[in-house]
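Alright, structures below, take your time with them.
Next, two complexes with chain A in common: one pairs it with chain B, the other with chain C.
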Partner chain A sequence: MGLDIGSVSTNIILIDDKDNLVFKKYLRTQGKPIDMIKEGIKELEESVGEKNICGVGATGSGRYLANIIVGADVVKNEITSHAVAALGFNPKVRTIIEIGGQDSKIIILRDGIVTDFAMNTVCAAGTGSFLDRQALRLGVNISEFGDLALNSKNPVRIAGRCAVFAESDMIHKQQLGHNQEDIIKGLCEALVRNYLNNVGKGKEILFPIVFQGGVAANKGIKAAFEKELKQQVLVPENYDVMGAIGAAALGRKKAEEQGYTNFRGTKLYEKDYKVNGKECNGCSNLCEILEIFEGNEVLARYGDKCGKWSP
Partner chain B sequence: MRKTIGIPRGMYYHDYHPMWTKYFNNLDGKVVFSPKTNKDILNLGVSKCVDEACLPVKIFHGHVEYLKDKVDYIFIPKFISICKREYCCPKLLGLPDMVKHSIEELPIVIEPEINLRKVNSLRNAVINTGRIFTRNHFKIANAYMESMEFQKYYKSLLSLGIIPTEDHQNTHTKDIKILVLGHSYNVYDEFINMNIFNKLIENHVNIITADMVSADDINYYSNMLPKRIFWTDGKKIIGAAYSLLEKNSIDGIIYLSAFGCGLDSVLVDLIQRKATSKGVPFLLMTMDEQTGEAGFNTRLEAFLDMMEWRNKNEDYISSIW
Partner chain C sequence: MKITFPQFGNVYIAGKAFLEELGHEVIAPPVCSRKTLEIGTKHSPEMMCLPFKILVGNYIESIEKGADTILITGSCGPCRFGFYSLLQDNILKDLGYDVDIIVFDHIGEGYSKLKSNLNKIINMKSMKEITRSAKLGLDLIKRTDNLTQLSNEVRAYAINKKEVDIIMDKYYIDTGSVHGAKEMIELINQTEEKLKFVKIDRNYTPIKVGIIGEIYTIIEPFVNLEIERKLGHLGVLVEKSMTPTSWLEHHVFNYPFGSKEENMKYKLAKPYLKTLVGGHGRETIGSAIYYKNKGFDGVIQILPLNCMPEIVAKSILKTVEKDLDFPIMTLVVDEMTGEAGYVTRLEAFVDLINKRKGNINIG
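For the complex of A and B:
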C-alpha cells in the first residue's frame, strides 16, 4: 500500500507483488488529511476486501502524519518516491517533470539514478493551485481546462513570473475581450514558461521526459511543454498517484527486508482520531505542539524543537 | 555601577562577538546579549523593520528591540569595508542608520565606522568607542590588543570545524562531506536555518563550513574568476566553494540563502555552475519567515537520499571491476 498525502490530494493505492495497480483512490485533501486517510482506507476495504497488506510506504508533505495514523514501513520524501515510480514506468527515463498542488519539481536522472533535482521556491506560480484558482476566476471547471486550451488557435501572452501579476494580466486580457480558450492556452504557456525558467533553470532536459502529478491531467499543459521543449512528453497512465506508487514499492522492499510490516490494519478507519494543537510555553520558541489521540490514548506528539514532547 | 552594553545576536555577531565582548569587558563594561533568535524576536523584527529587508536584517531589528530597555548602550558597528579594496553588504553599511530610523526610544547607539578604505578608520573606531568608557588611551589600546588575540583564538576554533551553535559536535568521522555555505548570519543562526546542522549530524554527514577553508585558499581560488568579487562575504563564499570543488574534496553543497539577498543572487549562480561542471550536487535552500519545516525537510531528505543513491551506485560499478 502506498499513501501520498499532499496539500491538494490524498492518494491511496495498492500494488501487487508484480507492480500491478490493484486499487487506486484519489481524494481531495481539503485540509483534512486524517479524515481523508480514513475515508480512503475504508473504501479500500470495501472494494478489495481485507487483503493481506504486507508493506506500507508514505510520502507527501503529510507523510509523518500518515505514518502515525497508518503505521508505515517507509516514510519517504516525494522526490525519491516519484523517481522510483517513474523508473518503474520507464526504466530509461532521464527527466521527470512533476507538478502537484503546491510543489513543482524537476528530477534529473542518468542511468537510473537521481543526479539532480529542483523544487519551486517560495512562489506558487507554476503549480496546480495556481491553475485551480484561475479556473475558478474564469468560471471554468478545472477538468475542462485542458480541452479548452487545445481548442485555441491564437493564445494570448500572459505574464507568468508571479501568480498575482499573472492574474492581473489575465484580467486585463479578459477586459479587452479575448476568447476564453485563448486566455486559457495563454495561461498554460505562462505556467510552462515559468516552470522552465524557475524550477528547470540550468537543468539539462533530455528525452525520455515523464510528466506526472495532478497537473499532468491537463492536456493543455502537456501540449505547451511539448511545444516549448520540442520533444514528446510521456504521461503515465497513473500520473496522478505516481508518488504513492513509488512509496508503495519502497514500503514493500523495506517490509521484505525486515520481515514484518508496521501496518496497523484496515480497521483503523473505525477508530476515532483527534488532534489537539497547543503552544508550548516552556521557552521563548513557543513551539506549536500537535498531539494526536486515538480514542483517549496519545499516539504521538510533535512540533517541538527541543524534544520535550516528542520522544 | 558598570555600564551595560547590549550586543544584538544577529548579523556579524557570529563573526566577531568574542572580540567585542573581550574589548568591552576590558573597559569595565558589562556585555548583555539578546537571546538566541526565537519566534518573539522574529515577530518584533518583522513589525519594526522596513518590509523589503532580508530576513537576517529583520531579525537583527528584533534583537535590538528586545535589548533596548535593558541596557545603557547598544553596539551596532557600521561595517563598510573590512578588507582592502572590498566592501560589505549594503545592508551592513547602513545597519545602524536603518535601526535608528525604524526603532524608537533607543538607548545610546555605539556605531563606530569600520572602513579600511580610509586611513586610520579602525584606529579611530577603537579609540572613539573606548573613550565612552575611559580616558586612559593605554587601557583602550590594551583592551583592543587582547580582544584581537581572543578573536584569533575564536577563528582558529571555527577553522577546526567547531560549530558555535551546536551542542553535538561535528565529529568528522562520517562518509559524506557536505559544504554548508551562506552568510555567517544565516549559517550560524539555527532559527533562520531551521537547525540544519543538527539535521545533518543526525544523518551522519560530515559538515564543512567556509570558516574551515584557509584565507590563502580563499584568496587564491576566488581569483579564478575573471573579475574580482568586491564583497568580503562573497569572496569568502566563492573562494571556499571553488577551492573545495577544485580539490574534489566534497560530496555536495548546501547553500543557505535568505530570500531577496542581492549578493546571493550572483554567488549562487556562480557556484552552481562550477558545481554542475564538477558533477557535485548542489542544493539551494531559500529561507524567509516561514516556520513550517516540511518543505525544508523534504528538500534536505531528498538531497541526502540522492547522495546515498549516487554513492551506492559508485560502489556498484567499482565492484564489477
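For the complex of A and C:
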C-alpha cells in the first residue's frame, strides 16, 4: 500500500507483487488529512476486501502524520518516491517534471539514478493550487481547464513570473475582452515558462521526459511543455498517484527486508482519531504541539523543537 | 553601562565572558526564538533581509531585559550589513528606546573612531588586563566553535542521536548561568567529556556535506532551522564553511593580508568570479570548490531571501555544479520559511547523495 498525503490530494493505492495497480483512490485533502486517510482505507476495504497488505510506504507533506495513523514501513520524501515510480513506468527516464498542489519539482536522472533535483523555492506560482484558484475565478471547472486551452488558436501572453502579477494580468486581459480559451492557454504557457525559468533553470532536460503529479491531468499544460521543450512529454496512466506508487514500492522492499510490516490493519477507519493542538509555554519558541489521540490513548505528540513532548 | 550584542551563533558565549572579564555588566541576548523574529519583523522594513530583522528583535528583547548599550561590528563591503547600525539606531530611537550603539567598524574605515569606540569598552583597564581578557575571549570562541563541530561529528556517528541534542541543549541553557571565562571553559570541558561518552557506531561511514552561503544564516541555528541537527539526524557529517573563528582570523588577526584559508578560497573562486561581489559571495563559490577538493559529497548553500551577494553566487554555483559534477543545493530562508518543505529538500538531497555513492540501489 502506498499513501501520498499532499496539500491538495490524498492518494491511497495498492500494488501487487508484480507492480500492478490493484486499487487507486484519489481524494481531495481539503485540510482534513486524517478523515481522508480513514475514508480512503474504508473504501479500500470495501472494494478489495481485507487483503493481505504486506508493506506500507508514506510520502507527501503529510507523511509523518500518515505514519502515525496507519503505521508505515517507509516514510519517504516526495522526490525519491516520484523517481522510483517514474523508473517503474519507464526505466530509461531522464527527466521528471512533477507539479503538485503546492510545489513543483524537476528531477534529473541518468542511468536510473537521481543526479539532480530542484524544487520551487519561494514562490508557488504554477502549482496546482494556483491553477485551481484561477479556474475558479474564470468560472471553469478545473477538469475542463486543459481541454479549453487546447481549443485556443491565439493565446494571450500573460506575465507568469509571480502568482499575484499573473492574476492581475489575467484579470486585465479578461477586461480587455479576450475570450476565455485564449486566456486559459495563455495562462498555461505562462506557467510553463515560469517553471522552466525557475525550477528548471540550468538543468539539462533530456528525453524521455515524464510529466506527473495532479497538474499532469491538464492537457493545456502538457501541450505548452511540448511546445516549449520541442519534445514529446510522456504522461503515465496513473500520473496522479505516482508518489504513492513509488512509496508503495519502497514500503514493500523495506517490509521484505525486515520480514514484517508496521501496518495497523484496515480496520483503523473504525477508530476515532482526535487531534489536539496546544501551545507550549516552556520557552519563548512557543512551539505548537500536536497530540494525536486514538480513542483516549495518545498515539503521538510532535511539533516541538526541544524534545520535551516528542519521544 | 549594561552591554548587549546581537545573537550570532555561539559568539554570545565568548562575548559575554570577555566583557565580564573587563568588568562590564552584560545582558546576553535571549536565544533567538519565534518571538525575536516577530518583534524584528514588525519593526523592520519589509524588504530587509532576515538577519537584520533578527538583530532588531535581539536588541529589543535585550533592552527589555535592561540593556542600555549595544555592541555591533560594522562592515564596508558592498552588502547592506554596512548600514545596519545606522538604520537600526534610527529604528530604536523612533521606538523611543534610549540606547547607545557602539560600532566596531573595519580598521580601513579610520583608526581614530575605532579607537574611541574601543576605549568605551575597555573600561580604563591596563593594557595587560585587556590582552588577558581578549585572549580568553578568543580562546573561548575557538573552544565553542570546536565544541559545536565535535557535536556535529558525534551526532553523525551516534546510535541515539537525540542523546547529543540533550547534551547540547543542556549546555546552551547552562551558558546563561555561568559567570566569566573560567566557569565557561569548565562548562565546555564538561560538555566535551559528556559527548565522548555518547555511544557511536564505529563501522558507519557518514556522507559529508558542507554548509556554505551567507555568514549569518550559516552560523545562527535559529535562522537556518537548525540545519546541522537536521542533517545530523539523517546521519550526515556537517561542516560549516564559516565560523566566528575563521571570520576573526581573516578580518582581525591577519589584517590586512587575510587568513590562509580565505585567500585560498579566493583563488579557487577565481576562474568563476574574479572580484568582490559583496558579502561572502566569492567565499561561497570558493568554499564549494574547497569542499569538493576535500572529498565532501555535496554542499548546501543557505541564503536569506533577497541577499544580493548570495544570489550572484547562486547563479554561478550552477556552473560549478556542472563543471565539477558535484551536488549543490540552495535553500532560501526568511520569516515565511516552512519547516516541512525544508526537511523534504534536505531528505531528498541526502537520498540523492547516497544514491550517487551507490549506498542505495533503487530509485
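FYI, the second predicted complex is superposed on the first by the 311 of 311 C-alpha atoms of A that agree within 3 Å, B and C clash if a C-alpha of one lies under 4 Å from a C-alpha of the other, contacts with A are read in each partner's own complex, and residues count from 1 in each chain.
Keep in mind that, in the parts below, a residue touches a chain if its C-beta (ideal position, glycine included) is under 8 Å from a C-beta of that chain, and two chains touch if they have at least 3 such contacts.
As the structure is a computational prediction, the values presented were derived from the model and not from experiment.
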Side-by-side fit of chain B and chain C on chain A, or clash: clash
Touched partner set for A:Leu176, first chain B, second chain C, both or neither: neither
First, second, both or neither for A:Cys283, with chain B first and chain C second: both
Residue contacts on chain A - larger count, chain B or chain C: C
Partner chain in contact with A:Val114 - chain B first, chain C second, else both or neither: both
First, second, both or neither for A:Thr80, with chain B first and chain C second: both
Contacts of A:Cys306 with chain B and chain C, given as first, second, both or neither: second
Touching both chain B and chain C, residues of chain A: 61, 76-80, 103, 113-117, 119, 121-122, 202, 283-286, 305
Residue ranges of chain A touching chain B (in the complex, touch as defined): 61, 76-80, 103, 111, 113-117, 119, 121-122, 202, 283-286, 305
Residue ranges of chain C in contact with chain A within the complex: 30-31, 33-36, 162, 165-166, 169, 226, 305, 318-319, 321-322, 327, 330-332, 334, 336, 340-341, 343-345, 347-348, 351-352, 355-356, 362-363
Chain A-touching residues of chain B, taken from the complex the two chains share: 35, 38-41, 195, 259, 272-273, 276, 279, 281, 286, 288, 290, 294-295, 297-299, 301-303, 305-306, 309-310, 313
Parts of chain A lying in touch with chain C, wherever the complex brings them together: 61, 76-80, 83-84, 87, 103, 113-117, 119, 121-122, 201-202, 246, 249-250, 253, 283-286, 305-307
